[in-house]
Structure formats: C-alpha cells, structure tokens
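Below: a set of structures, written as structure tokens.
After this come two complexes, each holding chain A, first together with chain B and then together with chain C.
Let's turn to the complex of A and B:
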C-alpha cells in the first residue's frame, strides 16, 4: 500500500512538473481574484471577517480549478485501466490523489497567502501566521478529501467542469464556515485574537468523517 | 389521513398565543421537512443496498426516494419562507440555521439529475448515482449539526417541544400531520415506482412488437434507472 501510494505520488508530481498545468493556473487565478475583489469591493485594505471571507472564497475557487484537472490525465490517457490491471489496493488511488491535491493547495498558498498580505490585507500577515497555518492545513485536508471524491464522481460525466463545482460547493460549506469563523479573529486590526477552539475541532471532525466516507465508497468509482 | 390532519389543523388545534393563525403552517412545514430529510437518508440507505447487492430495484428505490424528497424540499423552502415572512418579517433570514442548511441540502440534491443525465452508460450511471446518494445522505445530518452550531437559535426547536412544552392539542395535531405526511411520501413513492414499472414494461413490449431497432425513438430522454 505504502509503496503503491509512493509510486502514484511520484507519477503525479512528475506529470505536474512536466506539464505545469494545475498549480500555475491556480496561483494566477487566485491573484486575479484578489484584484477582482479589490475593484468589486472598492477597498484597498481589508480586515477581520471580510479579509477571512476573501481569502477562503479565493482559495476555494482556486481549488475547484485544480479539482477539474485532477483525474483528467487518468481518464483521457487510460491511466485508470492501467491502475485497475495492477494488483494493488484501490484505496491507494484515493490516498495518492488526496495527498497530491493537498500538496498542490499548499504550494498555491505559499504564493497566494503572501500575495494576499501584500495586496489586500490590512494588519501584517505575520501577526497570526502559526494559527493561520493550522487552519489552512485543516481546510486543505477537507478540500482534498471532499474534492477527490467529487472529482472521482464527476470524471465519467460529460459535463465534468459543470458537475464538480455544483457538487463541491454545497459539500464544502461546513468547511468554509469553520474556516471563516476561525480565521476572522486572526486577521483583525490591532493584534490577533485567540483561535476559536471549537471551530478547529469542527473542521478536524469534518475532515475525519469525510475521509471515512471517501474510504468507504471510493472503490465503487473505480471498477469497470 | 392527510385530509384528517388538515381538518384537525383548522378546527381542532387552537391558535398560537403570539403567532395567531399563521402558526398553522407549522403543521405542513415541519412534517414536510422531517419527511424530506428522512427521505434523503432513506435514499442513501437504498443506494448502499444497491452497491452491495447490485440489484436494479434498490437503485430505483433510491432514485424515487430522492425524487420525492426534492419535491417536498421545494415545498419546505416555500412554506418556510412564507412562515418566516409572517412571523419574523422577512422572506429570508440568514441567521436561521434550519432554513440555511435546508437550502444547502436542496442545492446539493439538485445536482443528482445533472449527474445522472451526463453519464451515458446505464450500469455506471446507477453506480455513480448510488455513491452520490450515500455521500449526500451522510452529509445531511453533518451539515445540520455544523450549521446549527454556527448560529444562534431563532428557530423553534420542534422536537424538543414535542416532548417538553407543547400542549397536548398541538402535539396530537402535529403527530397526525407527521403521520399523514409520511403516508403521503410512501404513497407517492409507490405510485412513481408503479408508473416507472408500467412504462418500462410497455416499452419492452412495444420494442418486441416492432422489432429491436427503434429503441431510441421510443425511449425519449430519461435518466431514471431502468429495470
């Protein structure tokens, strides 16, 4: 299992490194969204709940861009058949794809978060960075798990890029809720507030539950 | 049964002290919401049975349960918003957890048909729809707990009041209305199943009558499961 996941991950990263398809697009998209938010809201600096809202909505939409591409190479080039012919556990595909998505999101945030601090955020980004990173990790995990499941569901459909956002947005509402509530005090003017523990707990529980659901049903998406 | 419930609603149950006549919409709105949510979860359970047994009838049951529940959900949103207008003064209240989470659940289930329609292969279609139904079915209670924790309690906590503070006349009417709504749901499910069975049977017979080639002409576009 571990060797399979490692092999799949190596394949994913090689593929992304050679084609440079998803990550640059997601980064560009998130920066463009900041610009749009700046003009849409007509503000130079944002703080508190608006800042947290802009950050999460941008990252969510950037993630959906990545979701659309997640299984495309498998679907178009016959990667699914190759994987199914190999005598390996099918859950490895779920784990590998979720880790891939998780790390893509982390890479995107390495650029998108400083850009957010530079372009829009009022208070300095450094004031609550460790707590914000914790929230980001939990959100990324949630998006990765739910997103892999949704992308797997949508890959066989004709209207793939339509189905993915329609399914992913309602399913990710609780994640967005938890993320927005936990990040709001971190981005306030005049020093960061305390991290609300109950929202962190909700995020973690949601991630865990969806990981279990995905583990239970993902096998059925792969048999042909 | 439902007629009886309505009779009780209008003639038996006394008007609510501070909400007056409009409170009577409660006897439609709440049972409808409860039945719709149970229907969604039943759809998930049937879908799990379908994945386990691979029998088309379970897929059909899941499809029908979700179908009727979505129709009820539209009713819930409409009556809920009428009630909100009457008792809180706005058509839509964002601070209100039940209404918001219901909208999210409704939006999620509205994707069920686009999903089914856009998968050509029948076997794959029912398998994917089942996976979706299971995921969405487990999402329903999760979503409700999450949203409920997010906001203050504006909504009347019906389930708490049935055991606690609801006067017997209200409680009786409510229980009758709930039973009536459940029976309505089951009857509608049964009718839809019967009509689907009849349609497929008719189609099969006609196909046999006219030779096998013109299936497409008779079929029309439908994403419903086929037996």
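Let's turn to the complex of A and C:
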C-alpha cells in the first residue's frame, strides 16, 4: 500500500502545484475572514475563548473549501475509474487524500496563524506557539480524516458543495470543541496557561476513532 | 472449475440503473485470444457490459467470470490483467502524457521503461511532455490507448477504440489493440463492415437485450443495420 499512497501523493501535489486551486483559496479565505473579524468586532485585539473561537472557526471554514475540491479531479477527469481499475488496496486513496488535506491545512496555517497574530490576537503568538502546534496537529488530523470520508461520500452526489458542509460540520463539532477548549488557556492575556490534557486526549481519541471508521467503510464508498 | 481457455463467461447477466433495466439476460463465452465485437445503438447497454467486465459496475443478475475468476467477488485478482478503454481517457488534464502513464505504471507496478515503450508505440513520444489539456482529442485517445496496454493485459475491453483517430493513427495502434494483439478482446463498434474485421464472435444488443450472438463470419450487414432501425 505504501507504494500506491506514494504514487497518489505525488500526483496530488503535482496537480495542486499546477492548478493552485485549493491552498491559495484556503489561505485567502482565512486572511479575509480575520480581516472581517477585525473590523466586524471593532476590536484590535482578542484573547482567551474569543480568540480561540475565531481561530478555529476560520480554519474550519477554510478547510471546507479544500474539502469541496478534494475529489474533484478524480470525479471530473476519471481518476476514480483509473484508480479502481488498478490492482491496488483501495484504502490507499483514503490515506493519500487524508495526508493531502492534512498537508494543505498545515501550509494554510503557516500563513493564517501569523495573520491571526498580527490582525487580532492580543498576547504574542510566540508564547502559545509550541503548545498550539500540538493542538493544530490533532485538529488537522481530525478534519483530514472526517473530511476525506465525507468528501468521498459527497462527490458522487450532484449537490456536493452543499452536502460536504452539511455532513462535515456536525461531525467536526467535537473537534472544534476540543480545539477551542484546548487553545483557550494558551491564548489568554498574561502568558500561556497549561494545556488541558483531558481535551487533548479527547481530540486524539476522536481522531483515532474516525480513522478506524474511515478505514472500515471507505472501500464501500468507492464501490458501485 | 473455471476453464483456463475461457477469457469471459456470462450467464444471464443483467444490470439496471434505479428502476431502468439497461441490460438483461446476456449469456456468452469468449475463448482466450478471441475477439468479440458488440454492436448496438446508443443506450443498448454496450458500455454497461464493458464496465461490468472491467469490475467498475456490479451485475444485478447472473454470473460473470473473467479470466477464470468470478466477479465481483474476485475483482481484485483480475484488475491488473484487464485493459479498459472507455469513452473517458482516464488521464489528468494538468499532467503530461508521460506523467499520467508513470502514475498508472506505479499503480500497476509496471517498470517505468514501459512508459516510453507505450508512448513510442502510439506515436506520442515527441509530445509526451505536453499537458493532456493542450492535446487534440486524437492525441488524447492515443495516450488512452497507451494507458490501456501499459501493463500488457490479457483481456482488452475497448469501447469504440478508434474514435477521434485519423487513419494513420488507427493503423499505428492496430498492433496494440487490433486483431494482431494476443489478448482476448471485446470491442464495441458502430461500423457494420469494419467492426467485423478480425472478430470471431459478434453480439448485437438492442434495448438491453441480445438481438443476435453468432460467429462474426455468419453475421450479415442487414442484421447489424436492423439494430439501428
């Protein structure tokens, strides 16, 4: 399976590099949303739970943009059939797509996080960054796994742009809850507080649970 | 016990999309190395038949055996032995022809040297680095043929394979997908005379039903014309 995943990943990143359809849109959306919050809230700086909420909601909606594009090339250019005709483990596509989305989210956050720190965040981002990276990794993993499963399901439907957020957002509520509760103490004024271990554990368990569910059912999504 | 000399065996095969039945009660046997040509008007069920044999669709009735393995349950065992050329090229538009074939070579665990061999065989070596989006329909069809034969399949499923090809290109790809190929072939065609050339068996489909199934040499052009009437 490793060779198949490697082949799919090479194809995914080459296509994104050539078309620049997903990552630039996600980055621009994130920055634009932070600017809107900056003026909409009429506040120069936010901290604690407000800061945490703005950070995660923006990243979640940016991820939805990427999700809607995740299987488009497979659907519109026959990539599904090409893949299904090959003697490969079909779960490789789930793994490759989830890694692709995870990578896209990481790239987006490389730009979006400093923009958030610059436009909205009260305390310096650097104080929270080391612990925030752990939360980001767990959140990205959750969005990648749940999102790939939902996008794989929705791509066969006519209204995929509607179906993806309708299915993904409720399923990602626990991830958002864990992310917000984990990041709130990190973004408080007066220095980052301790990372709440219980919420980190919940995030990790949720990621693992959905990874197992996705592994079990993804093959059936590709079936006729 | 499957017969090793049988490439394809269908017994009472049917398929529907929702309530609409597109193929019903199709039975036939094709020996290894033989060619079956399938005639029929649009919507007769030709493409559905090929997609079921390629493991892309499940039959809703009957039994299918391909290369000695029952479908769909043993699909994994035959996918690498089938070459499928459908209406879509199954190539990514933003990748070059060579990149597309390299991708498929990796999926099929085929040596990368086969990529240039296949490109050369379809006369696309010179344009192999161009994005597929910038190629003509005929060139894309030639790349699709290269993709189909890349892994040297034992069974070729060809849905109007010469569509968009000029006569020179059609002659160039003939050794790969034509009667000279050593693989068993199932080819759909609308050409009542050219389609029968090199065929062993002919199947006529109309409205999803078998109108005729006979040795190609015994099929009259009138029988084929009646399918389209």
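Convention: the second predicted complex is superposed on the first by the 224 of 224 C-alpha atoms of A that agree within 3 Å, B and C clash if a C-alpha of one lies under 4 Å from a C-alpha of the other, contacts with A are read in each partner's own complex, and residues count from 1 in each chain.
Throughout what follows, contacts are C-beta pairs under 8 Å (C-beta built on N, C-alpha and C of every residue); 3 or more make two chains touch, one makes a residue touch a chain.
Being a predicted model, the structure only gives us computed values, none of them experimental.
Once chain A of one complex is fitted onto chain A of the other, the partner contacts of A:85 are limited to chain C, with no touch recorded for chain B. Within the superposed three-chain model, A:3 lies in touch with chain C and out of touch with chain B [touch as defined at top]. In the superposition on chain A, no contact is made by A:182 with either chain B or chain C. Look at A:77: by the touch rule set out above, it reaches chain C but stays clear of chain B.
With both structures placed on the common chain, the touch criterion links A:14 to chain C but leaves chain B unconnected. Ranked by how many residues of chain A each touches, chain B and chain C are led by B. After overlaying the two complexes on the shared chain, residue contacts for A:22 are found with neither chain B nor chain C.
Across the two superposed structures, the residue set of chain A contacted by chain B and also by chain C is 223-224. Of all residues in chain A, those touching chain B in their complex are 149, 153-154, 156-159, 162-163, 166-167, 169-171, 173-174, 177-178, 181, 198, 202, 206, 209, 213, 216-217, 220-221, 223-224. Taken together, the chain C residues at the contact with chain A in this complex read 54-58, 76-77, 79-80, 82, 84, 86, 88-95, 99, 103-104, 106-109, 131, 147. Within the complex formed with chain C, the chain A residues making contact are 3-4, 6-7, 10-11, 14-15, 18-19, 73, 77-79, 81-88, 223-224. Against chain A, in their complex, chain B makes its touches with residues 51, 104-105, 107-108, 110-111, 114-115, 118-121, 124, 127-128, 130-132, 134-135, 138-139, 142-143, 146-147, 149-150.
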